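The structures come next, written out as structure tokens.
Note that subunit A is present in both complexes that follow, paired respectively with subunit B and with subunit C.
And now, the complex of A and B:
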């Protein structure tokens, strides 16, 4: 019998080494830590949820930021158009505001009120009055429409203002309406509109 | 529970099955690792790593596979990795093989104790001891040992022959 055969025949005696007494407990702890820790799993799920929430927050922030950026860009464009020297551009600005803005914007309304009093173009003024009528509860707009009626000389704009204030049932418009009716310089068509509006407001 | 059921349960991460496997083979793995590393603490660390690694990869084992041999192989490979990592042993590559000698009836082992043989093996230089252990006790072929140690087969054969000659000399001088 050679040495290898002898060893193989007595192999079990070569495998008689034993682990130390505290090794079993150490191994069991390790086994549980590696494969049997529900907390670790729930922590993992929690981490997944947190990371998904973080991703969503980032997406929403980016979308909000983009929308905000695009809103600011649009607003600046309208304001620039409202102050443009070209009546066509101002008209474009008024229409863009009318079409795209559902909520009041103080800066734009201020700019529109400026056009209402100072613009020299009839079409721009009429479009401006139409745009301002989108916000009938705005006291500032109502008062400015009344003031504009008192000072306006363009008959087409006067008619637009009279109809608008009549639509708004604005009692405070009676005084300028009376002045228009009593003014000998007033166009007959403007007078008849003013008379009609006065009757409607009184009702 | 038979072996097949135990393997299946381990694949399903059953704690009790894993503990049963551990209790069945812990000393087998420890003996194999200790023979290579010659250090009890290192061998215990290897046994722990081998079981954890084995349970992680248990799906690679067929249900009818030899689970003990599978874990033992993991422990031996991890032990050899540790030796390589610590750069404790170098085997110089040898392309020329020494003259092969048939395994003959070298010594009359009557009355030779196993502890004495173990002692003699432990007296060998590490580079011989590891190859002698892998070939004589763990029963791997020269080719398998070459693959495990990442050296060529002729180097294994030569180192084995030298190691065995030294071991026989130690045994004869009892």
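And now, the complex of A and C:
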């Protein structure tokens, strides 16, 4: 039997009609790839947009949050300084508030009002009055300044209060002013300032 | 001849130096409170002791009842009797100068003088703890309370005094200095008529701790004090010099009608808020703001980044800013 005969006889064995399993899998993969490709692409773009949006959102919140924390940080620092036992630190707190912070924050203002009545350092008190004067419309501040004038004993602070209330044209300051003018214990220089303020308020 | 003079001069200086007496107190943490209107020259140092040195002659022989007399004092008695009399503590004699043709009888209502035999006690010390300081020529009380060391005047009398008392005090840089020339009780208005008047300003130099100064009329001179500093005065003048140092921490000065005179190097890193009748300077400042209100000048000035705040309020007085 020659080779030709043998091939012809066993033709069906040579000719593998069945597609190999391997090919099947390959085909299927290819098919899947072909069919699902466009779907995957659109999903990717969608994801990209979402992620960019998310990033932006994160950036914004971080910036906002940081802003917010730096704001509260600044506020807390000022509040801590205002309560420090060193007069230098308290002064720093007051000056930082009036130079940089500048917002009408209730907590800080009540802390400042506390200094106005109780601090034992003249410089702190005067700086506090200057800081409070930035909010001339605040009724609480006005009332506290009038109260302080009635009780203050330090001549320099008295002069500062008198000038401030005259600047605010505060009519209700007349009573403490009169008391200061009539008090024999008052320093002459305070008296002359009070008399001047009295005349200015009356105008 | 000149040489001899020079040598004599040296001897005089040397003997003066020997005469200077010191009191040392170990105190390096806390606050030094000075409640006295006397003349002090205070200097910072790196040690841990407060060193007091009296630079005036010791009071020897005069005891004034109810009053502290010190050194040379000239009083003009007011009222009817036109007497002017002089007390010279150093020489231990009292001279009376009748002004006009009038009787020479002198009424000393409040004073009683004792002449002690000064020779007899030579080489001896008056005993008692209070007298230790007097022996050193220190005529104020020294008290330690917790973390405070307090120097206080004896305020028995109510009188304005002209005094030649002068003290040199060295204090550790680690201390906080609270200096009030009106006594440390609440400044109770006009009541406190007692204070010492000195034409020479009290001074503070080379100090790195925190400083609080409060005075009504005394002049103050600061040299190389880096801060934080707060000074307030009604009529006193404040002079600040930066010679070898630059301002490092907050300066806050308020005066109602004195002047504020500051000399500083141009490489200082400061932001100045000056409120005054007028502001004068020869420094090339970066002017941030300026305004005039009721004839008062307000300036906001900057050098370099403006790291250290200087708040100067001279009220009716002027502010001078000089280049070193």
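Quick note on the criterion: the second predicted complex is superposed on the first by the 146 of 203 C-alpha atoms of A that agree within 3 Å, B and C clash if a C-alpha of one lies under 4 Å from a C-alpha of the other, contacts with A are read in each partner's own complex, and residues count from 1 in each chain.
Assume contacts are C-beta pairs under 8 Å (C-beta built on N, C-alpha and C of every residue); 3 or more make two chains touch, one makes a residue touch a chain.
The model shown is predicted, which means the values in this text are computed figures rather than measured ones.
Peer 1: Just to be sure I read the superposition right, which of the two partners does A:86 touch: subunit B = first, subunit C = second, or both, or neither?
Peer 2: In the superposition, A:86 touches subunit C alone.
Peer 1: Quick check for you: in the superposed arrangement, does A:185 touch first (subunit B), second (subunit C), both or neither?
Peer 2: second
Peer 1: Once the shared chain is lined up, is A:11 touching subunit B (first), subunit C (second), both, or neither of them?
Peer 2: first
Peer 1: Is A:57 touching anything from subunit B or subunit C once the two structures are fitted on A? First, second, both or neither.
Peer 2: In the superposed model, A:57 contacts neither subunit B nor subunit C.
Peer 1: Touching A:199 in the superposition: subunit B (first), subunit C (second), both, neither?
Peer 2: So A:199 meets neither subunit B nor subunit C here.
Peer 1: Of the partners subunit B and subunit C, which touch A:47 in the superposed model: first, second, both, neither?
Peer 2: neither
Peer 1: Would you sort A:143 into first (subunit B), second (subunit C), both or neither based on which partner it touches?
Peer 2: neither
Peer 1: With the touch criterion stated at the top, can you tell me which subunit A residues are shared between the subunit B interface and the subunit C interface?
Peer 2: In subunit A, nothing is touched by subunit B and also by subunit C.
Peer 1: Along subunit C, where are the residues that touch subunit A in the complex?
Peer 2: 176, 186-191, 210, 212, 214, 216, 227-235, 249-250, 252, 254, 256-257, 309, 311, 313
Peer 1: Okay, in this complex, where on subunit A does subunit B touch?
Peer 2: Residue positions touching the partner: 1-8, 10-11, 13-20, 23-24, 26-28, 30-32, 34-36.
Peer 1: Mind listing the subunit B positions that touch subunit A in their complex?
Peer 2: My answer: residues 13, 15, 18-19, 22, 26-28, 30-32, 34-35, 40, 43-44, 47-48, 51-52, 55-56, 103-107, 109, 114, 117-118, 135-137, 139, 164, 167-168, 171.
Peer 1: In the complex of these two chains, what residues of subunit A are touching subunit C?
Peer 2: Residue positions touching the partner: 86-89, 91-92, 95, 99, 121-124, 126-127, 153-156, 159, 183-187, 189.
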